[in-house]
Each structure stands twice: as C-alpha cells, then as structure tokens.
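There are two complexes below, and they share chain A, which is joined by chain B in the first and by chain C in the second.
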Partner chain A sequence: MTDATVATQGAMRRWPRWLSLPPVLAMVLALIAIWYVAAVPMNVHEVLTRAERAGIAVSPDSAVLRRDMSALALVARNPGTLGESWSLDRPRLPAPHQVLVELYDSTIVEEVTGRRGIVRTGSLSNRSLVYHGWVTLNATFVGFLIGTALGVVLAVGIVHSRVMDLSVMPWAIVSQTIPIVALAPMIIVVLYSIGIQGLLPKAVISAYLSFFPVVVGMVKGLRSPGAMQMDLMRTYNAPASTVLWKLRLPASVPYLFASLKIGIAASLVGAIVGELPVQQGGLGARMLAGSYYGQTAQIWAALILAAALAALLVWAVGWLERRTLARMGMAA
Partner chain B sequence: MSYVVFAFVLWAIGFAINLQLAGGPAQRSAAARLAIPLIFGATLLAMWELLVRGLEVPTVILPPPSQIGATFAANTSILWGDFVQTILKGALSGYLMGCAAAVLVALLVDRYDYLRRGLLPLGNFMAALPIVGTAPILVMWFGFGWQSKAAVVVLMVFFPMLVNTVAGLSDTSAMQRDLMRTYAASWPQTLLKLRLPAALPFIFNGLKICSTLALIGAIVAEFFGSPTQGLGFRISTSIGQLNLGMVWSAIVVSALAGTAFYGLVALLERRATFWHASQRK
Partner chain C sequence: MAQAPEPAVIRADHLDLTFQTDDGPVHALRDVTLDIPNGAFVSFIGPSGCGKTTLLRCIAALETPTGGSLTVNGMTADEARRARAYGYVFQAAGLYPWRTIGGNIRLPLEIMGFSKAEQRERVARVLDLVELSQFEKKFPWQLSGGMQQRASIARALAFDADILLMDEPFGALDEIVRDRLNEELLRLWDKTNKTIAFVTHSIPEAVYLSTHIVVMSPRPGRITDVIESPLPKERPLDIRDTPQFIEIAHRVREGLRAGYEE
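And then the complex of A and B:
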C-alpha cells in the first residue's frame, strides 16, 4: 500500500498546494449533501410514525403496511410530512449537524458545564468523548511503542542471522494474511484471567497490529545499503555493530517512517477493537454502548473523533518524518 | 518438569538442524527454503504443547495444540457452517462488490482530472481511518445477517483498492501513451490494451491487501451482532463459555481461510501478470 500511496502523492504534487484544495472541498461538500439527502429515506419510517401520532394524515395509514414498503416509495407518497427527518431524537442516520452537536455536547459542553466535567471536579468526565479518546490514545501509544521496539529488534535479528531470516520471515509474512483482530477478545480475556487488566491488554493488541508493518519495512530498510556502501565498510574493517549503527540504521530511516505511518493507524484500530470486549472506557466501548442503546449520534460522534485521531496521528508521524529526513539530509 | 527440559532440548535440536541447513551447501535450494520455516513452526508447536503440559498451564488460559486439534476434529460441521457464514457469505461477497466498485470509480477518477484531484486525497485519508468503527452502524442498518458483514467489508476494501487502482492506471510512460496515439487508438482501446494491463500489478497489490481486510471486517462486524453462526460469533460466545479449544479452532479456521484467500489471489496474480518483473524467477 505504501508504494502506491507514495506514487499517487507524488503525482499530485504537480499542482501547487492551494490549487488542490477546491476540488477536495467540492467533494467533501458533495458528500455532506449526499448525507443530508440519504437521511430522508433512511429515517422515513420513524418520521411518519411520529407524524401519525401528532395527528397528521399519512399514506398508507397503518404502520404494518408502511413497514413492508420501501423507503423511497414512502418518501414519494408523503412529501409534505418529512420535516423531522433531520431532527429526530434517535435517527437511523443522524444528519451531519446532529452529529456535530453531539460531538460538541459530549466534549466541550460536558467538560465545561457537566456535573462531572473537568471544570467542576478537576478530572475528565467519564461521560465525555475527551476522556474516552484519551483512554484509546494511551493504549494506542503504549501498543505502538511496544510494537515498534519489538519490530525493530526482530528486523535487526533477521538481517544479521540467516537462520532467523529463513525461519521467522516466512511466518511473519503468513501471519499478515491472518485476520489477527479475531484474536483480540481472546487476548483480553486470557490476560484478564491471569490478572492483567486495564491498559495493557489493549496495548498488546495494538502492538500486535503495528508490529508486522515495522518488521517488514525495517528488514527492507536495513538491507537497502548498496554493495558499494557495504564494501566501503569492509575496507574500513568495520565490525557488524558499526555497520549497523553508521550505515544500516541511518539508511533504514525512510523505510521506518513509511512503516510507522501504517503502524500507528493499525495501533489505533487495535486499541478500538480491544475495547469492545471489556466495557471500561475508550472509543470502542463508546461505540458498542451506542449500538446497544440505539444512540446513533453517539456512535457517529465517536467514529468522527476516531477518524480525527487517526488523521492527527498519521500527520504527526509525517511531520516527524519530514523534520528528521530534512535534518539527515535525505529530504525528498 | 521433565516436559520443560524436553521442550528446550527439542528447541536446541530444531535450531541445530536449521543452523546446519541454513549454513550448509543446500542453503539456496527450494527444499531448504521450505524445510527451515516448517521445522521452526513444528518446533514452536511442540514447545507450546510441552510447556503447557510441563508448567501445568490451565486450559482456560492456553490449551495445548493437541486439545485444539481434537476440538477442531470433533466440530468440523459447526466450523464449516461458520466458515460458510463468515467467509463465503460475508467476506467474499463484500470483497467482490467493494473491489468491483472501487475499480469502476477508479476508471471514472482516471477519466476526469477534477475527480482525481478531489477524490484521491480523500481516498488516501479514508484508507488510514479505523473503518471497522462503522460496523455497529451498518449492523443496525442491514440487520444481523451476512448483508451487514458484506457492507462493512465493502467499506473497508473500497478505499485501499481505489488508491491502488488509480495509481496503477497512471503507471504508463508518455512514450507508451504516444505510441497508442500514433495508432489513433480511442480511449477504451488505450484502456484495454495498455493501461489496464499496466495497472494489473497495482490492482493485484490492492486485492492482496484487501483479502486480509475483508476477513477482519467480516469477523469484527460479527462482534456487534450476528445470527448464531459465524467465526466472530463462535469466538465471542466460546470465550463466554471459557471453551478456549473452540476459540482456537475458530482462529485456526480464520487463519487457514486467510492464508488460502491470499494464496489464491497471489496465484491469480502469477497467472495474470507473468510478464511483470516481480514475477520473474
């Protein structure tokens, strides 16, 4: 995926940065418009039921008949009674502004004016998305650090030992084809049963997911120095450790960052999935709670916050990458 | 205790054999390349078995492989039902729909430059998002059946596939495109004879990435609600019953399915893009 992503980004740089903004904005606006339009047929059953209770004539007038009709047909037959499509209490598809209001309410309003908010109590409210996002972010970071460290160590081992290369590398590749996330609930329960709970089980899953991109990328990176460079190190009679520190590791930095970008996004997914089995806070727990109680706006708000976190994390790694490569004189 | 000692003796033996193979005269042969990882895997399995028995780890924490194998053999019909429900109905149908849709959109994006400049950054952004998070919403919309799993899979595979296909379609050189122009080739002709074949390595790269994503999406979506069948359902309910042998059997099924799925796509790739540099031996 990285190669392809890099290729497309390279192709896009032909335009100055500001010129690429209007088309993106147009697409985002189009998506939001589609979202608003889609909310009407998605919510039509609930809207008509409420209209009927309020005494407005609805066609057909029995809820059983309506249940069997398609949403589009209902919209076509009741054009005048759809006013509530974008303001329902528990919509099947909340309108974008409803999600934004929920996001605002569950972050800023909850913390500033809520009974358990940070202003009143001095600690984050356990009902606010800020708190849940923070829980997820912690697990993501711990898992990411463990996964990256293990991945780098294993990659160094693979590059230096032929036995490890031949025996471990095929399994590392095979394990990428296995849906590892399926292990998540089991890892959580097993660690719970031997008394480990809280942050660490989620971090283990995060680490597991971010581990393999780093191994594969780092093996590639540590092997990237050419024959000429390796020969030069030989003429210096450099031991393997010097080759590693002065040549292999510096040469692998661009590969490392490419892997880290995949790894940190994978860590976040791991942390969220890891929060599903144990309801102890975090964005994953928030989504599952929302789906149990039909609070769709709450799921969407958690989803948007997760998306924003992912974007922020990937951007942060990208920023670090640009800074590091520029200082190392390797900027593209 | 003797089990534990034996486990490490076995480890040493396996390691010694591999050391011989990797350093010996046959190190470049195909047989050695196959044997070394197999010996490594077998040693790991044997150590797992011996350590679990030797240290008397409770089976509710980690069952030995022999017990997993026995559970697997005793429940093949249940596991087959789960396989059909999750892999064939949920993952495969969603995978086909999502990848087909992504390729079609990629053709549109490639045709209209404005779309490319608008959609590609969004696609790159979406490909990094935790899309599994949409699973609860889609389960709410499409019900507990396989349709909701397929919907999650469609969303998960769409953006990586789109990004890869678009990158592939632009992977022709100006010389090649000029040649097609000198032939007065129309847009569909250029597409069929030059750009789609040139895009195939990228398309297969996307298909391979998406094969794993499809299984993850289908299994995780089942955690949010499913009929009384399916690998995700089996994993989450068997954990509730502390039936770890069954959990591991379901994981073995998903691992086998994932590897087979990936292998199938890789095989297709080898047949379809035999001309590409990466496929040459």
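And then the complex of A and C:
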C-alpha cells in the first residue's frame, strides 16, 4: 500500500466537518418551527382581545369566559383571527424573529445610531445589550479567576493535609447543595454592609459556584500520579513542594481543564444570578427588568446572548485546553 | 559472599519483611543475609513472587524491613536514599508523559540542583550512551517500548550515583534488543565501576551479566544460593556458548529447581 492510499483511508475514516452541518441545521430549523407554532396558543388570549377591540367577532365573545378556557381550545375556535400571534407588542412568547429584531435593535442599532451609543458618545450605551453583556462578562471573569484560584489552593491543601481532607471536602459539598438563588441576596447584603458593592459581590457569587468543580477535579488530578511515578520522586529524595510542581500539577492539567469548562459556565450563571437582586446593569438585570415591564422579547434577547456567551467561553477554554495539552505532548 | 575483594556496599543481615494484608501476613522476605561488594554486578533470579522486587525496594528504602538490618554505603537504607546514593530503574519505564525524553532525563538533575550547563551536558552524554540522541525532543509516546526503557536507564544514569538498582529493566524486550542492551550495560558497568543490583527472570542474562548470581526461592522469599561467576570481565556475546558459561547456567537452574522442590 502506498503512502497516498493510507492517507486517503485515514481521511475517509472520519466524516468531513461540513457533513455535521445539515443535521445541526435541521435541528435548529425544527426548534424554530416548534417555537413559532407554540407562540400561537401562548399568545391567543391577547390576540383575541385585540381582535375584539378592533371589532372582529371572536368566540366566545366574553373576555371573562375566554380567560378560563384553555389556549388550545381558543385556537381551535378562532382559526381565522390569529393573524397577530407573531407580531404582538407585548407577547407572552415572542416569535423568533421578534427576538432577533430585539437583539439587533438593542445591540447594533442602539450603539450605532442611539443617542447614547458608542458612535455618538464614545462609550457603550447603558441601554444596549453589548454594555450589559460586558458588565456580566467582567463579573464572570473575576469570579472565575477567584473560584479557580480558591479551588486549586483548596485542592492542594486537601491532597497534602489529612486534616483538610477530612474537614474541607464535606463543607465544599454542603456549600453546593444550598440553592444559589436563595444565597445570592444574602451574600450581597452581607458584603454591602461591610461596604463592598459593584462588581465584587457578583464575582463572589460566581466564584462560589465555580470553585467546586475545580476542587473536585484538581483533587482527583493531583492524586492521579501512579505509585511508580511517586516512588521515582522518592528515589530522588524530592521534597513535597518539588513533587507538587514537577509531578502532581503537570499530571493534573487534563483534570483541571475538564473542571474549568464546567467552572466558566457556572461562573456566568453566578454572575447573572448575582445581578438579579441588584439591578445595576448586566444580563441578569436586563432579564428581571424585562419581566417587570412585560418585555418578553428583551428577556429572550438577554437569554440568547447569555447562552451565546456561555458557548463562547466554554469553547475558549476548550481551545486553550487543546493548545496546552498539545504543547505538553498529551494531546488526546 | 565469602571473600569479598572490596568492602561491602550493600549489607543485608537476617533481613525480614512481612506485609500485613487483609488476608493475613505475607512473608515476602525471610532471613536474607547478603553482602554486595563494591563494583559488583549482582543478579537476583527466582520465580515470580519470591521477593526480588521487594528486596530491591528495601535497598532503595521504598519499603521498610520488619526485621534484621540493612546498610547501604555504611548508612541505613533511608539515609542512603536521602544522600541520593542510587539510581533506580523500575520494572516499567515510567517516563512522565508531559516531558520530552530529554526533559525526563533532566528531571533528577533539576531536582538535585545541577547547573543548566551541566544538565545539558549530562543529558547529551547519557542519551548518547543509550543511543537515543536524535530523540531528545520527542515525547515518550513517540518511542517504542524498548526505547522508553533505554530512556529510563539513561534517567537513572544521569546523576551518576555509585549504585544502580535495576528491576527487570529488559523484561519486556525481545531477545535481540535485549542482547544489545546487555552488552551496552556491561560496557557501561566496566567503564563506570558502579555497583549494580539487577533483577531478572532469565538465566542466560543473569550468567552473562553478573559477577554474583543470587538465586532466590518463594514463600517465604529467601536466598538459596549465591554463585560467584568465574567468567572474565571481558565478555563477548558468544561467551554464552562456552562450557564454563553452560556450567554456571546449569548450577543456577539446579538452584532454582531446589527452591521449588522444598
């Protein structure tokens, strides 16, 4: 067999990358279709009310009666008057294109043409999602750094000290069983009472969520060297610090990255949760404001941006992982 | 060993080691008495599970004997370990996968505080010795098993300890590579005058390499025979066809058989 045939066979064994596009695309289209269909019953009460006001006959013709009827029944009884399902001003469930328009308006339009946009003022508009996304991202990064550092330090302590092993791990586990939504306002109030506000309380909540996967992964990683690898260090009479730097830490890198991927996503969630009670900017604040004022499209737009940010962050960690492991000769 | 030509480097006196396991005690070593003179090449041979690795690990202070006494370079085994008196070659190569071959060999040198220049010089020298010079920048997974084992030998040689403890270093290799490495090892031992303790399962390997062959028997692990080889220090590979060689091999085989029949 020549080198060329070997090469083509090797290439054929894996699907080309673009082949994964059609199934992914089909999935997305199906979801969007379901979304459009669902918007009809979700919004039917409001649609019928507006139709009635416009003088169109709806059945039943009493708003009180309609309120007690199921959405599906109303859809079935008024098939001809559902034209506004996807264009309401304040829909219960906005249609996908409404969310996209909101996303576009609150990012590009706001910044480029808005009175407070970056083009006119040179700084991000506080009404744009770009600004709020940036606020959240900052808290996420700071929280992620604190959480990762704390996680690594705790893991190193747990591996080296029996007392810490027995005392820290149970508390770390308990800490994660408390719902963060319940804990977040308390953290913010407590920190506020000692004069800390702004980015740091959110970062603390972020760190609270992200340190745990790092502790668990790093403890496993630091303990991953085999008996022979440890014995080798003993034959060199290496002190514990050397064993940590030259054996335990390098061995734990793959475990660390697995944890960082979970940790960065958790950090984002933590930052958003931390923004809910404060209302001083950020995607969390946008979501809550949207629900106060019935601006569902605004909630969805913030939600989609948050999801996109999470995907981007996890991807970035994955990219760093591939690069680091390749440089360490440990590419999977 | 009756008339050691030089003072003993490793001296075991009525050494006992019993592992306490969940299924009761395991007598890994019983009443092991042995002197290894300076510059000797001592092979340990015996059936699987007879305590060869355990004895080597005791000498390396990786295991603590439960009875008897053991000195290495006139110190306790643990003091000798802390003085970095020996290089240890494990049964498997055990290279660190995130370090290149050069990096793996540099590891003990970094830990022992050699200067950067000396690290470079020593790595180059031992790589040359095991004929892996072109592979300094490669990662372990890019090398064959035999090459990895050679790298692990280079790693044990790099810091030039007087004692080399080798636990079946060539166990996983084919006959031809093994022959070559045996020759290389002899040449190296001749050049450096190290004291080598070498565990093996192969009778020809033991006879070919050693000045002293220690025959062990299992349950409990103990020494049944110590054979001083009359072979000259200069040993071409075809010395294995001489009557003298065959006679020693025969004696080793008899010793092994006797251990079984008891």
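The rule is simple: the second predicted complex is superposed on the first by the 310 of 332 C-alpha atoms of A that agree within 3 Å, B and C clash if a C-alpha of one lies under 4 Å from a C-alpha of the other, contacts with A are read in each partner's own complex, and residues count from 1 in each chain.
Quick note on the criterion: contacts are C-beta pairs under 8 Å (C-beta built on N, C-alpha and C of every residue); 3 or more make two chains touch, one makes a residue touch a chain.
In this text, all values refer to a predicted model and were calculated from it rather than measured experimentally.
A.B. asks: Look at A:Val28 in the shared chain and tell me whether it touches chain B only, chain C only, both, or neither; answer first, second, both or neither.
C.D. replies: The answer is first: A:Val28 touches chain B but not chain C.
A.B. asks: Answer with first, second, both or neither: which of chain B and chain C does A:Ser70 touch in the superposed model?
C.D. replies: After superposition on chain A, A:Ser70 lies in contact with neither partner.
A.B. asks: Looking at the overlay, does A:Val253 come into contact with chain B only (first), chain C only (second), both, or neither?
C.D. replies: After superposing on A, A:Val253 lies in contact with chain C but is clear of chain B.
A.B. asks: Residues of chain A touched by chain B versus by chain C: which partner has the larger set?
C.D. replies: When the residues of chain A touched by each partner are counted, B comes out ahead.
A.B. asks: Considering only the touch criterion stated at the top, classify A:Asn126 as touching first (chain B), second (chain C), both, or neither.
C.D. replies: Touch status of A:Asn126: no partner.
A.B. asks: Residues on chain A in contact with chain B in one complex and with chain C in the other?
C.D. replies: In chain A, no position sits in both the chain B and chain C interfaces.
A.B. asks: Considering the complex alone, what residue numbers of chain A touch chain B?
C.D. replies: So the residues of chain A in touch with chain B come to 1, 3-5, 7-9, 11-12, 15, 20, 23-24, 26-28, 42, 92-93, 162-163, 166-171, 174, 176-183, 185-186, 189-190, 193-194, 261, 265, 268-269, 272-273, 276-277, 283-284, 287-288, 290-291, 294, 296, 299-300, 302-303, 306-307, 310-311, 314.
A.B. asks: Using the touch rule from the top, collect the residues of chain A that touch chain C in their complex.
C.D. replies: 226, 228-229, 231-238, 242, 246-247, 250-251, 253, 328-330
A.B. asks: Quick check on the complex: what are the chain B residues that touch chain A?
C.D. replies: 15, 18-19, 21-23, 27, 32-33, 36-37, 39-41, 60-62, 114-115, 117-122, 124-125, 127-130, 132-134, 136-137, 139-141, 160, 163-164, 166-168, 170-171, 202, 205-206, 209, 211-212, 215-216, 219-220, 223-225, 231-232, 235-236, 239, 244, 247-248, 250-251, 254-255, 258-259, 261-263
A.B. asks: Which chain C residues qualify as touching chain A in the complex?
C.D. replies: 60-62, 81-84, 86-88, 90, 92, 94, 96-100, 107-108, 110-112, 139-141
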